[in-house]
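We just call them A, B, C and D in the order they show up, numbering each chain from 1.
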Amino acid sequence: MRNSLLAAIEAGATFYDLAQQYRVGMPQSPNHPQFSHSLPRRHGDMVRSDGGSAANDLIVTGTHVGTHIDALAHVSQDGKLFGGIDAQDSCIGGKYESLGVHTIPPMISRGILIDVVGYKGMTCLDGGYEISLADIQGALDAQGTQLRPDDIVLVRSGWGSKFGDYAGYMGAASGVPGIGTEAAEWIAAQGVRAVGADSTALEVIRAGAGHAELPVHRIFLVEHGIFIVETMNLEELAASKNFEFALVLIPLNIFGATGSPVRPVAVVEKK
Amino acid sequence: MRNSLLAAIEAGATFYDLAQQYRVGMPQSPNHPQFSHSLPRRHGDMVRSDGGSAANDLIVTGTHVGTHIDALAHVSQDGKLFGGIDAQDSCIGGKYESLGVHTIPPMISRGILIDVVGYKGMTCLDGGYEISLADIQGALDAQGTQLRPDDIVLVRSGWGSKFGDYAGYMGAASGVPGIGTEAAEWIAAQGVRAVGADSTALEVIRAGAGHAELPVHRIFLVEHGIFIVETMNLEELAASKNFEFALVLIPLNIFGATGSPVRPVAVVEKK
Amino acid sequence: MRNSLLAAIEAGATFYDLAQQYRVGMPQSPNHPQFSHSLPRRHGDMVRSDGGSAANDLIVTGTHVGTHIDALAHVSQDGKLFGGIDAQDSCIGGKYESLGVHTIPPMISRGILIDVVGYKGMTCLDGGYEISLADIQGALDAQGTQLRPDDIVLVRSGWGSKFGDYAGYMGAASGVPGIGTEAAEWIAAQGVRAVGADSTALEVIRAGAGHAELPVHRIFLVEHGIFIVETMNLEELAASKNFEFALVLIPLNIFGATGSPVRPVAVVEKK
Amino acid sequence: MRNSLLAAIEAGATFYDLAQQYRVGMPQSPNHPQFSHSLPRRHGDMVRSDGGSAANDLIVTGTHVGTHIDALAHVSQDGKLFGGIDAQDSCIGGKYESLGVHTIPPMISRGILIDVVGYKGMTCLDGGYEISLADIQGALDAQGTQLRPDDIVLVRSGWGSKFGDYAGYMGAASGVPGIGTEAAEWIAAQGVRAVGADSTALEVIRAGAGHAELPVHRIFLVEHGIFIVETMNLEELAASKNFEFALVLIPLNIFGATGSPVRPVAVVEKK
């Protein structure tokens, strides 16, 4: 049986891991339950008569912390989810049946990195900087890439490099760079499947503003049915100068949830 | 930029989702923290002045419940992990630094389904049935497949079809079918990367025995450094008669944990 | 400063602990999130330069598992909570503001043990046995006790002695003994503050019936505003033959929750 | 049956609730798992055929957040717990068997409020202020109170009034007032059972120092076997000018844990 995927991978594809590590104490939005991890059993706690022992974990987490995907059920506007579905009615028995994360299929799609910060010759955009449509289009042109329907688009601000610095990454004082509504509307109009970024909220957050208004979330999730991926690590991929790749994006199948942790991987073939 | 992966996918690849759904009340081993999910905020709980609203989740889970991967740090024998690493020393600050699930890279490998139950002309093997080496080799021959180093091997017993029946799936009274040590030693000797199955423990569990002894875990995790994937759903893949495929297996990057939820996907190209 | 409480205690009061122990694996209703406990840090994980070390915990729990109190917000009938409050409107921002467990004050009240099983000369009532009004009144008479307004009433079936046996205690096959609607109506009419029992549901559960109908919950919580305490341990208190005592019942002050773990204590003065 | 406790309570005792409310977002030490609360089921999610409905909770919490008690197993020095018990050996199967919180009995003892901040004529001590032995003795004298063996001692700094202000209460920049080693040694020498305070760490925390060194914890928990209660609310009790009272302090009985949420109550008789 011929399999060109396997052939390509066996010929030496490179995998770029686009997720930040889930680690106790990592930066995350205070709006969501904090990630915790503990070991109920460690080796040695209960050794079987044959000398075997198993260690295990207890995990607590929100689904919008760490690298994760937003399901369409995450955000509503004026009481409606994407497609005009009533947001309250869609919650049946405490689960978002219609547009929960369990309705997102596993995805392997063309991914396009829009390396805005690289295009601007910086290592990190300033806190609160709004990535404009001109920035997006300038970067795409400089890279020689174009968006197509069903692409997964990753917008790099460089902010992911701050992930080791809790306060810096959260940017309460500085704001956080990201796209604004102008760039979002244009990206959405290209018919993409999902948009990712290397900050907690994807969109621009002004200094001191917090998450009081999130119009880009509305544009993508509610108006266009486009998934959002946040808290990505795009540094290594950007350094490789690969702007087009196969992007593997597979949420967990959690019934009725509004999001899921995810570990997106960019696959680049040997040239 | 040519990309044969994308070309194959765009030409019409089929994705087989090999995970069971995470759902409150699903069957799981009582040895691990129970999966829980709740919505701290639902739409309407806090509506912003602009009419927007966000819903979110609180997830509690063990890492060995639902479809998941066992990291090598999960099991020790006589105080040692794979490679002779001291099991207690490897736990630093409450995290398994050396062989935790964060050390497993994202994988896309050749996957081979060994459809033992299909080969035997049944829909489900009997509780407590030990899949023998002859069963494994007979199924491989009948399928026209062979194992190679770095393959990910999926052994189907048909037990996954019982996932909707808690007591039936757990099989406390009946036992659960799976491979025994003879088949495990042979599979390990082929140099595979990971072995998956459609039951909670992968290996055969005798009626009434519980998980008191798990020698196949020792063989794979401790002696050979082979990852284990459990609680898979192999029904649809088996029905398609695709025995060879590209298997996408990407654990979450959880620092120091002994396992991770995972949603494995088999990718089959259009013929 | 004179303090007769302290004087009584210092003169040798006896404390009867009426709670079962919270322990991983204890029996609990499958309708509620399972109790889990793990130690994120153990001694030795992180030792400070001065030789000090701290261990800590991660707890996950429902509020209706182990010995606990039901707040009035726990149960509604035809969309209404106690006092005719609309059950959906009372949930503001994901919290039961009006009748949540945070609205229950710390209580020290007269407690009356109605030792039905002792009165009937048994060690444990049969599964599914409905404690009748005659049983209640017979036991009260035999004990020489009477109910008064604001009492906290504890009804002993003897079922608490099975707490170490998960399946036995849950009683799926056998049913669980408890009061029925006749006894509940009469107890409620006495104006008591709270009613406790030594089973998971307080009221009689028929064999095989599960918690499909819980009319006694409706009578106490919705119709009369009487708190319910479940999964108590009344064995030692009953053995002491103290039927009247000061009962200390102090829920945690958890904003907006429908229940709380509680450790009720009966205080009996030296005679 | 005569019961002087009940007589006193029925004659009109006043209860002072000394706990802060458990509420999502409350200030807590970042060293411990964050308190989360969610409602898996709300009224209306699952209505039974008879019109009844139950709402329930999912709670996640550390045991050293909110108002809580430290068990003796919480802190070790040079590998030893109180009484010279080996700290690592005392953890059996992932539970602190010897000095875990389940070994603390329910307590009703004489409580003494040492209102240091009131004595000094302030509403709140300054961040980082060390309460000296002279402060303690001065306040006791001014109040006309003396410590006795088995007392539970509550030291008020006024810091509890800041509980609604996360950053202010945590005091990373300002430090937090509390007793130092001099006062702690003297209090311990009086033979008290437990010491409580209205801040997260009980003891003085210098500005910028964090919890790097906690010598008062060592003195009380390791050297003298005295329990610590933290994050109390002493404002209302202090305003009442009751310095001596019956203190009810009943931890949850959580097997093997290092602490427990607690809701202490001071009971003051009508004079």
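Keep in mind that, in the parts below, contacts are C-beta pairs under 8 Å (C-beta built on N, C-alpha and C of every residue); 3 or more make two chains touch, one makes a residue touch a chain.
This structure is a prediction, so every number in the text was calculated from the model and none was measured.
**Student:** Treat each pair of touching chains as one step and give the shortest count from subunit B to subunit C.
**Tutor:** Between subunit B and subunit C, the shortest chain-hopping route counts 1.
**Student:** Nearest 5 degrees is plenty: how much rotation brings the CA atoms of subunit A onto those of subunit B?
**Tutor:** 180
**Student:** When I count C-beta pairs in contact, which pair ends up with more: A-D or C-D?
**Tutor:** C-D is joined by more C-beta pairs in contact.
**Student:** Find the geometric centre of each of subunit C and subunit D from their Cα atoms only, then give the gap between the two centres in Å, rounded to an integer.
**Tutor:** 24
**Student:** Using the average of all C-alpha atoms in each chain as its centre, how far is it in Å between subunit B and subunit D?
**Tutor:** 45
**Student:** Return the distance between the CA-based centres of subunit A and subunit D, expressed in whole Å.
**Tutor:** 41
**Student:** Among the residues of subunit A, pick out those that touch two or more other chains and give their numbers.
**Tutor:** 24, 33, 36-40, 42, 58, 60, 94
**Student:** Quick one: which bits of subunit D touch subunit A in the complex? Just the residue numbers, please.
**Tutor:** 25, 30, 33-34, 36, 38-42, 45-46, 60, 92-94
**Student:** Using the touch rule from the top, collect the residues of subunit B that touch subunit D in their complex.
**Tutor:** Counting only subunit B, the residues touching subunit D are 24, 36-40, 42, 58, 60.
**Student:** Can you name the residues of subunit C that touch subunit D in the complex?
**Tutor:** Spelled out, the residues of subunit C in touch with subunit D are 1-10, 13, 15, 17, 19-24, 31-33, 37-40, 42-44, 48, 50-64, 73-79, 81, 87-88, 90-91, 94-96, 102, 105-106, 108-110, 212-215, 217-218, 244-246, 248, 250-259, 261, 263, 265, 267, 269.
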